[in-house]
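Labels run A, B, C and D following the written order; every chain starts at residue 1.
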Amino acid sequence: MNSIGKEFVVTSFGESHGKCIGVVVDGCPAGLELDVEKIQKELDRRKAGDDLTSSRKEEDKVEIISGIFNGFTTGAPITMLAWNKDVEPSEYEKRRFLLRPGHADYTAYMKYGGFEDYRGGGRFSARITAGFVMAGALAKQLLNLLNIEILAHTIEIGGIKISDVTIDDVRNNTEKNEARCADLKVAEKMIERIRQVRDEKDSLGGIIEGIALNVPVGLGEPVFDNLDGELAKALFAIPAVKAVEFGSGFRSSRTKGSENNDIFFMENGKIKTKTNNSGGILGGISNGMPIVVKVGFKPISSIPKKQKTVDVKDMVETEIETIGRFDPCPVPRAVPIVESMMGIVLCDFGIRTGFISRVIK
Amino acid sequence: MNSIGKEFVVTSFGESHGKCIGVVVDGCPAGLELDVEKIQKELDRRKAGDDLTSSRKEEDKVEIISGIFNGFTTGAPITMLAWNKDVEPSEYEKRRFLLRPGHADYTAYMKYGGFEDYRGGGRFSARITAGFVMAGALAKQLLNLLNIEILAHTIEIGGIKISDVTIDDVRNNTEKNEARCADLKVAEKMIERIRQVRDEKDSLGGIIEGIALNVPVGLGEPVFDNLDGELAKALFAIPAVKAVEFGSGFRSSRTKGSENNDIFFMENGKIKTKTNNSGGILGGISNGMPIVVKVGFKPISSIPKKQKTVDVKDMVETEIETIGRFDPCPVPRAVPIVESMMGIVLCDFGIRTGFISRVIK
Amino acid sequence: MNSIGKEFVVTSFGESHGKCIGVVVDGCPAGLELDVEKIQKELDRRKAGDDLTSSRKEEDKVEIISGIFNGFTTGAPITMLAWNKDVEPSEYEKRRFLLRPGHADYTAYMKYGGFEDYRGGGRFSARITAGFVMAGALAKQLLNLLNIEILAHTIEIGGIKISDVTIDDVRNNTEKNEARCADLKVAEKMIERIRQVRDEKDSLGGIIEGIALNVPVGLGEPVFDNLDGELAKALFAIPAVKAVEFGSGFRSSRTKGSENNDIFFMENGKIKTKTNNSGGILGGISNGMPIVVKVGFKPISSIPKKQKTVDVKDMVETEIETIGRFDPCPVPRAVPIVESMMGIVLCDFGIRTGFISRVIK
Amino acid sequence: MNSIGKEFVVTSFGESHGKCIGVVVDGCPAGLELDVEKIQKELDRRKAGDDLTSSRKEEDKVEIISGIFNGFTTGAPITMLAWNKDVEPSEYEKRRFLLRPGHADYTAYMKYGGFEDYRGGGRFSARITAGFVMAGALAKQLLNLLNIEILAHTIEIGGIKISDVTIDDVRNNTEKNEARCADLKVAEKMIERIRQVRDEKDSLGGIIEGIALNVPVGLGEPVFDNLDGELAKALFAIPAVKAVEFGSGFRSSRTKGSENNDIFFMENGKIKTKTNNSGGILGGISNGMPIVVKVGFKPISSIPKKQKTVDVKDMVETEIETIGRFDPCPVPRAVPIVESMMGIVLCDFGIRTGFISRVIK
């Protein structure tokens, strides 16, 4: 339901226009000196803020209400939240029963019998990912102890793709532009395209690539708690995600084994592979190469453009115009969210496998 | 680890060249008249048998050793297994320490310290999916009570794709050809291509589309037990799967919201959508439209062609030739496996949501 | 770790002298009109307040920060908390490394390497049961929909026992006295005994009986998710509980089968048993008779009396005097806590078994 | 349902008069050299065999069908089973609808709508504990690596109690007598009493004490996955168990804190307690002292003596005489079962806490 993980358990709570968005993290080992600034910084990356994003302005200041003592984790559950400030519930009353095409309005109404908090999508709003990012920022601090680095960047928006970039491009360029694209020239085109579509009162999808470096060999459990399966499950929890592939993914479906197999070789006494078509995962277990996953986002469904729909109360066809705040493209803000979900899953496996020991020495 | 599901729990056991392959299904409601023939029929679909598949010949006869009484489920755990017959362990001793590129040999060795059963891939062999199919065949019988139908078919092999086919094509044509492709003409080309690559001692990947019809609105739990997330997790448990997408998937990442949103309309007093880009899932919950998922398989890694690799014992570079039985393409035999994983997940949610009541009346 | 339940999942957070005590309840069906006053009333029952209890004065005002909309549950996780007000951390610094005999100081220190929040016992304080009571009060409102009534009362303190009382005595008398004993005369003796031992700077244990009425037949899952097993697990989560028995419990170990077996008979077309030695549970499943459980509490370990102990930092023997606030007997305040744990477990099984439907109609 | 444990997961299957009784153990680390003789020996301890036990004669020969390779555990799920041989189903047809007082016949019938396997109690038979013992015997071999020793012995039968015995008495005397009592003189009286009651066609209850020695400090998770809570849950899965207490248990409810608190002192540089009223558990976590638990069994409900009951089909009152095989007292055969449940739980925590590493070096 609203928890993920086995030994590093993240429980999400809060609603888009409720009092707060938050998260409880259970299973974090004691003894981590928590850098709250880093958590805030990740939250800030996720925030709306420029003309490419929603006009909703939330301070999103993280507040930690349990689990930290004298600046260190204690082994107790860590509860983090941000109070909602900029809520406009009245807006949502007007179109209470008008189903936004492509949105969860319909399935939520059917599942919860009309009792769901529908304001701004309630639990189905991308706003709940603020909680994911708090947990992810904590996970990343634990993973840093193992020297694991997690990166994500935009590789495609509205059909505009990057060509190959280096890890250093990703490290250096991603935060330098509003598209979070590691290729600064392509980034400009993406931004231009988003603006154009926004002005059409429409929205765009795109693809994010997530990368985890220095992951030790051995994370992941056969046969059902695969590293790829758990990563996929976590990534599909991000609103608007419709596709996930590892390594060469669907492209590998068009190749021959002799082309796609990553050849093992020796380097400095360690076994590595020449290519990384597997995306760092063999048999559901990390093989020491970079974990590489591509995450496909559909265009945000909630658009100002007039659309046909149904009034679920009267069960008649009608039209809807979503007046108000919207993000024309989910992708740039989702970059830290993808990193967070990867961090949460890797942290869980790190604890399960004993790489992150329960009491940090 | 080796269990999946929350209320319909499937536990896998057995090894490729051990005594048996089996599965325990816990949580199956009492009172289902079990059709064992149907389970056997699904197992037979998964079996090797023609010149496109491995020469390993297993009878794969399902034996039920618990949970059934007088032909009905009792509410107790159902244990099903097939005894392994055609095992050739000696073959594997020779290349014990030669890592097959693209295979789990390396990660298994590292994770289990050399104690893993390496014969034929052991727990990492696609042979364990025989157990998945037993559980899936049971799940399908439960889903039939809700009128849910699950289908899968090959839509692409080695770059050869089908064009649009109807549901009836899928129902009628899939089992008529060795490629399990619903377009009989394209099927011939696929088969031709597999034969050609097989003769090159190489292998091919491909894509399977899974479809679930008549799924009621409301299966799936926000925010972490999404229907899409759980389906993805289950599908990534199939060996060689590297990509999963729902509905228009990665294609939606290249569209605009106004193009991708599925417009709601009324039909016979029910709410439907004109298109199904969402693949039947909105906000992680089924919306009553067909569930549509595409599953990308890499080419099978274990090929007879000579490849460079490493000897993990001596830590030196060397070469490997996988003499012996192999499948040149995993896709045709995986069609019933994809159906099984979909069935297992839908059954679990069917029970969780109360659509399949705990005691069948 | 800090969660309990499968479909009605209660996650506890907060520390004795941290910012707050709280709980997240996930899996509560949508559509329950929540009576917050009733939750507050249960919290008030748990509060210290008279001369038999700790002098710590906490307002314990419940605040709900997620999951409720327009007064109803929405199906989303419900987060409830009470902010800590009356904290005196300085007191605890002085005897930081002096292990209180019988307390978790030692095991917490060893498990968390000294990073645990030791102030007032931190996570090991009985104060965290305020969260249990919030969740239990919610559970009881759900169970009321099935007409299930949960009661608890003190049956023994410091060796002073009640004789038989009726259900109406329990309903009418328990809240009328500080011992929460249904026999008002025995209650006076218990209170007298507590005062006496308190003046000796010592503490007392006792026994609470929990009763659940109108529980339908069929709650509980064989073989490992027994109703008795899950109730026991939940009750042992209450600090100071050392013993749990159902029905005639240890007494039945001294009887013969012909004496202990509850004879079935017909009453108004329903099957009942003449006696209830089973405590309403046969084969781990409720049989429709009252669930009856006895819960044994040890005397509170934290007493003002001087005791020998060890300084865990210097690893030397020394003495400790716990100056400050203490409860001379845990039992009276634990009565609503026992009810809460029973409510949480029954609610979980009520949902799992389909008696409490996921969307309340 | 039919699984217990988080990282060392035991799944039970099989029925009293079905084909077999078995168990899947998932999460056992790779690299343990399994002593199958020891498993058989534990099974033999559980078997009926003398005139104090049922006349059902089962060979109970353990067969391992997965998870072991070259004599070592591989990290894969270990499936163990014993085929049922001595089944007499016809006996059970005659009294199909006659509810045995005190047995699960009634609750099983109601829960599974008559589809349950009722032969010999089906899933509710104590015969399923053969599977628990297989898993427990495996767990004990893992715990031996940590030098943990698990013992159990009969301390009371039909009101006849032992006085204090030493650990060596338990080690040396328990297997020397049919009552499994460490005091050989008291054992004679217990045996005499069982014979007497057996001849009355009646049954007896009793109490077993379980002890775990050399348990490291730190097993158990606050606040809901307590060591005591998980042990209690596992012990209540044994049929006929109605009461569980740790250390001084209910007796501590009659004492004062100053009497019950275990005083810490130093011994050879280690912290110990002078008494062990806590039963080795403080705050839900092991404190390094022996884990001591008392388990109360009711007399076996299935007795040959004529009893009043109800016919659940016709819903009329009638009488029942359970002709056939029965155990007059569950306690002696339950001694290895108590040890097994303790072993399973300690093993699970041993893995979770990292004391038993995932790959045994």
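Simple rule for what comes next: a residue touches a chain if its C-beta (ideal position, glycine included) is under 8 Å from a C-beta of that chain, and two chains touch if they have at least 3 such contacts.
A quick note: this is a predicted structure, and the numbers were derived from the prediction, not measured.
Under the touch definition stated at the top, chain A and chain B share these contacting partners: C, D.
Chain centres here are means of the Cα atoms, and by that rule the chain farthest away from chain C is B.
Note on chain placement: the centre of chain A and the centre of chain D lie 46 Å apart, centres being C-alpha means. Centre-to-centre separation between chain C and chain D, using Cα means, comes to 27 Å. Per-chain Cα centroids separate chain A from chain C by 39 Å.
Shown for chain A are the residues that touch two or more other chains, namely 1-3, 12, 76, 111, 123. Across the interface of their complex, chain D is touched by residues 1-3, 9, 11-15, 18-20, 22, 24, 26-27, 30-31, 65-67, 69, 72-79, 81, 111-113, 115-117, 119, 122-123, 359-361 of chain B. Against chain A, the residues of chain D that register as touching in their complex are 6-7, 222, 352-354, 357-358. Interface of chain D with chain C (complex): residues 1-4, 12, 99, 101-104, 106-108, 110-111, 123-124, 128, 156, 158-159, 197, 200, 202-207, 217-218, 220-226, 228-230, 232-234, 236-237, 239, 241-250, 252-266, 269, 271, 273, 277-279, 282-287, 296-303, 305, 307-310, 312, 315-317.
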